[in-house]
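Listed next: structures, encoded as structure tokens.
Two complexes follow with chain A in common, the first pairing it with chain B and the second with chain C.
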Partner chain A sequence: MSRADPAVSPAGLGRRRAVGFMLPALVLIGVFLVFPALWTIYLGLTDYRLTGLAAADPHVVGAANFTEALGDDRFRSSLWLTVQYVLGSAVVGQAVLGFALAWTLRNRPGPVKRITEGLVLLAWILPSSVVAFLWIALLDRDEGTLNAILHTPGTAWLLDHPMSSIIVFNVWRGTAFSMMLYGAALENVPPSHLETARLAGASTVQQLRDVVLPRIRGHVLTNLLLISLWTFNDFTAFQITAGGPEGRSEILPMYIYNVALSGGRLGFGAAISFLVLLINLVFAFAYLRILRGRREVVVP
Partner chain B sequence: MISLRGLTKEFPGGVRAVDALDLDIGDGEFFALLGPSGCGKTTLLRTIAGLETPTSGTVAIGGADVTRLPPGRRDVAMVFQDYALFPHMDVTANIAYPLRIRKVPRARREEKAAETAARLSLTELLARRPGQLSGGQQQRVALARAIACHPKVFLFDEPLSNLDARLRLEARTFLKRLQRELAVTTVFVTHDQGEALALADRIAVMSAGRITQLGTPAEVFRRPATTFVAGFIGSTPMNLLPGTAEGGRLHVAGAVLPLPSEVPDGPVVYGLRPEYADLSPSPPPFGDGDAFSGKVAVVENLGTAHLVTLECGDHLVQAVAPEGEEPALGALAWVVPRPGRALIYRDDALLTAA
Partner chain C sequence: MRPALAVLAGAVLALAACGTGGGSQDDGVTLTITSNAISGGKNAETADWTAKWVIPKFEAAQKAKGRTVHVRFQPSGVDDEQYKTKIALDLKSRAGADVIDLDGIWVGEFAQAGYIKPLTDVAGASVDSWEGWNQIPQAVQGLGTFDGKRYGLPQGTDGRVLFYNKDLFRKAGLPDPWQPKSWQEIVDAGTALKKAGVQIPIQLDAGTAMGEATTMQGVLPLLAGAGAEIYAGGKWTGASQPLKDVLNLYRQIYTTGLGDPRLQQEAQGRDKSFAEFAQGKIGILAESDYFWRSVVEPKAGVAPMQNRDAVVGYALIPAERPGAGIRGQDFVSMSGGAVRVLNPNSKNPGLAWELLSFMHSAEATTSQLAGAARITSRKDVNDTVLGVDPMLKFVSDKVLPITAYRPPLAVYPQVSVALQEATAAIVSGRSVEEAAAGYQSKVESLVGGAAHVAG
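Let's turn to the complex of A and B:
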């Protein structure tokens, strides 16, 4: 460039002023995101505890926490429960049910659509403590609404079927997001494309396969990424089962809480948090790969 | 053959898009539904396709009542205004799509797609995706998709309106030839009267959900049944002037004109196409009364001719002047109707005999 002044950026903003604009945001990100993440990695390498000697004077124990976690049955069972939780409540439950709702409601007249959307949305916007109380009241062994409806007095849903209970709970809780996202995505499918398929004699399944899904694939991927990550890290169900009974609904976020805060082993908890972070990153990168692959196919 | 009997489509909210309509369309006919937007022509087409369910009445195709059949079982193919090509499929897959739904084996349907594409000069483009095609090519792919499955009826919704003006004329000629060759019953919707006149064997002019006039392009152009049709058909708007019939003479916009004998005395509407009037810079020899006289208010260049607007008292009268003979703005001029070309309406019905 002819104006070889290194202090002036193309936008005409001096480098110093540009840095000035960026700094507050960078400081916030640094203090609240980068530092805690690094601190977690450091803690994961120590035997730091909530109370006692190791709280006052933690020692670096190297990879001991990680090897312990990977060899621990409770960690592995928790990981397996988390996989069930994510697949069951997010991928199958929320995504499929959300899409089904969006697809069914797409051409409905105003009131039906608005009322259904309103109810589904309500489950999403209620505070988690309120929602947890509602579900405890619903599933209670003695006075529970569900037992009253099903005429199954004395069934202890949360004790006998803790995983199924929190999976159904999370489907109920989170479907609104998928429904709204797919609802918006379906607006992008031109009616004439669906009608062309109908005129060719395509069934609903064929219309979905040939017209709708290719059109909203990006939305589906984004939705799956977001709800998988959210569900993977979700802590709301803790207020219903607290991971019990006997750890049978102890998904990873609950496990970390139980180990680090209830059990007081902050260092061990931090190590597991770091493993969870790695799993989240794997999710995100896999999604980005798929999305990039898709772009290359669409724009040859 | 398509037969519609008492066909009514009422939308929620009480809008009657199609109102108790009867219509027969013959085998192999190229049929136009013409009208301004909101007249119900697209709803009628979609009802024939099965995309809308009629409130009452029946639709029969080829003698069979299809009123309750879903669109996929009516053996019709529709080309939409936006062509509705699937962006993620190449041209072959798009053309072969209806065959794929009918479970035609892959080899057979690709052969069929290639054959149809060759007929529409699309062979070079078979491996491309719709996003890489021009508007005209996309339209031909949409046509090919309709043709490849050999339907009983073609339905076209504004087939030419997404093309630019020059391409539209080419596509029009192409479409007419193609329809002749295939000889498949074709119904198309258009708001462009020129397109309807040029393409169709017969035209139904629609307004407010009803057919106002049904006839060949020549009939509809020469003898519009109502002033609405008269005003709608023709590339330049017809002069429609209020007048009075009195003792065999017609008093209209300051002129006194001869009147066909069958018109009784009373108020009438006088219709004259600007193309059927001659413009003269001097009064016609047989007296001032046989022509409209006025000052030239507007001159519009139509290319090979000029559309001239005269101010005749309170009324505006338009006539077409040949190239090079256009009058100067503000000059005095006379519009002489050609004999036998004027149309007389009373109570919105045509009085003039053929």
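Let's turn to the complex of A and C:
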């Protein structure tokens, strides 16, 4: 078959066969991703509720939910808290701590490395309800472990510092992923390069900047994208503070839950979910742009 | 390609099969009961009664009629709001248990949403001929009634009082029995308790974390004591003087160290307040008789007190001043109660009704008490059991005649949240004016404009 034949794709499959291969995946994506997203948009335009008359007979209210959300102090403060949560626990906390752990452990002898990695991994793989209970026990005002250790009886960590508490919690919980990813990435850095740099008198900072970082930049980007998206949509901390006290740790996923399910306003909740979806898409597109730009630099 | 599609189709079918799984194992029929009760935890006595009495007795009774019926109990032990969400989602997706336990105040919004149907629509005319209707007073039947139709069978009712710790009162030189005649006397007692070194003199539920408890144990009884009902004459109470008086009392308690503002903000604050009362750290606590029979109850309570009968006192909730309460009363209270409804999507509605009415028979009601007393929905049972427990006799004789009920309207739960937010604002240090103004604008937007709100 000649390349000029329009019915044949470069992969050597006929167009029909190519479509056949794609179809199952497209159907799955359509059913489980595209349709729910469209449905969310539709629900966001209604006054649909969990109970009451509007549950049986919802009305289309146009963009009222969206304008209400954008003008709502609770939504804006929730968005700001989410930004703090993502920057604090994912970008700064998990990524930096994960890299620090991977870097320190890379040449350690067996047992030290295995035990440390085991402990960090444990925080990641324990069921979230168990972990939440442990953290409540740790931070409790009256009989909390932390107050016993620090001799600060009666300090209400979850009430005085709700955001810091859940940020520290999420760093503890999620660092394992970054550590493992960077651990694998660091194996891509040829030891000879590091050795050469060291012999040339490069400091640790210089080694990291000039030898390690160029090699693992792709991993860093992937890691940052994944953990910021996960953290942006993370609901685990709900089990510790439930967004309280008075909404001071109510990040967007908790806000949606509180408004849509506890408060019963499914239509309004769907509108906010759609806004969150848009923010997620912006994240993803920005990442794709950066990645593409990087490839274009590398290829020539 | 073909095999891939076949595998995919197989997987989809398997998933679909999971969705409809369960059903009857052998030739018998399976019925499910659910309630916010779990053995060893919340409302343990209901869970144990269901598992150990209802299920075996009902299965045996059906066997005697030549039918194989299996009854399962689906326990739950969470906050009432979470339980409500779960049941609403169950019913919305046309799933869920056959017999469902609901708070009476949810009946209106569930009925409007079409999640539950009048009992006769679900189970037929046999509902109207049930012997139990004659035993349930009209006011109590009202708990399961919406728009003049019966949606559920009421389990009983309750009343709000002030509980106090007699040991702490003695330490503070306060009288026993204690019966305050105005709000000022409650504050005075709190001040005396504080002087005597009591950690938390007064626990008056506040804030959004406590949920409906804030409204029911705190705001509404106080509002009744200030002479207003939350809904009267077709209008909702806005930021009126009575409401401001209520918020002012909250402010007095939570800004002068008579109450613990932190406890109102904690995610598990209400459970913690129960534990602290049981440990003798709280002087006065406003609750329903639920507190007496399920919380500090010496054996099955969630915060048991071995010496409950000797240490825990109870008093009527006074009006702001004598005669200032609703209907010119000196003392006030609020009542509610749970109901059991049928799932309209039940595969065996007739049998589900048999189970439901069996659970509300005189025999079942008596056995649920298991020697302990509580105010049931049935007059015939109340007449024989209430003499056993002085506290419940007190509620039945002194509280129920002066009590009031919440409006059975679908928008009520949202107004309730607005009230909780107003108290939350006070607890976190905001002024009465500010909290009242916030409440006013919220309630106006909820009930359709200022025309439906009474200033």
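Basically, the second predicted complex is superposed on the first by the 269 of 300 C-alpha atoms of A that agree within 3 Å, B and C clash if a C-alpha of one lies under 4 Å from a C-alpha of the other, contacts with A are read in each partner's own complex, and residues count from 1 in each chain.
The criterion applied here is as follows: a contact is a pair of C-beta atoms (placed from the backbone, for glycine too) under 8 Å apart; a residue touches a chain by one contact, two chains touch by 3 or more.
All figures in this text were calculated on a predicted structure; none of them were measured in a lab.
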Which superposed partner A:Asp210 touches (first chain B, second chain C, both, neither): first
Contacts of A:Leu150 with chain B and chain C, given as first, second, both or neither: neither
Which superposed partner A:Leu122 touches (first chain B, second chain C, both, neither): neither
Partner touching more residues of chain A, whether chain B or chain C: C
Chain B versus chain C as contact partner of A:Leu159, first or second or both or neither: second
Partner chain in contact with A:Arg17 - chain B first, chain C second, else both or neither: second
First (chain B), second (chain C), both or neither touched by A:Pro190: first
Interface residues of chain A shared between complexes with chain B and chain C: none
Chain A residues within the chain B interface of the complex: 109, 190, 192-193, 195-202, 206, 210-211, 214-215, 298, 300
Residues of chain B defined as touching chain A within the complex: 12, 49-51, 70-73, 76-78, 80-82, 84, 86-88, 97-98, 101-102, 129, 145, 149
Residues of chain A defined as touching chain C within the complex: 17, 20-21, 24, 49-53, 55-56, 141-142, 156, 158-159, 240-242, 244-246, 261-264
Contacting residues of chain C [partner chain A, same complex]: 1, 4-5, 8, 81-82, 85, 88-89, 92, 106, 108-110, 112-115, 207-209, 262, 265-267, 272, 410-411, 413-414, 417, 424, 428
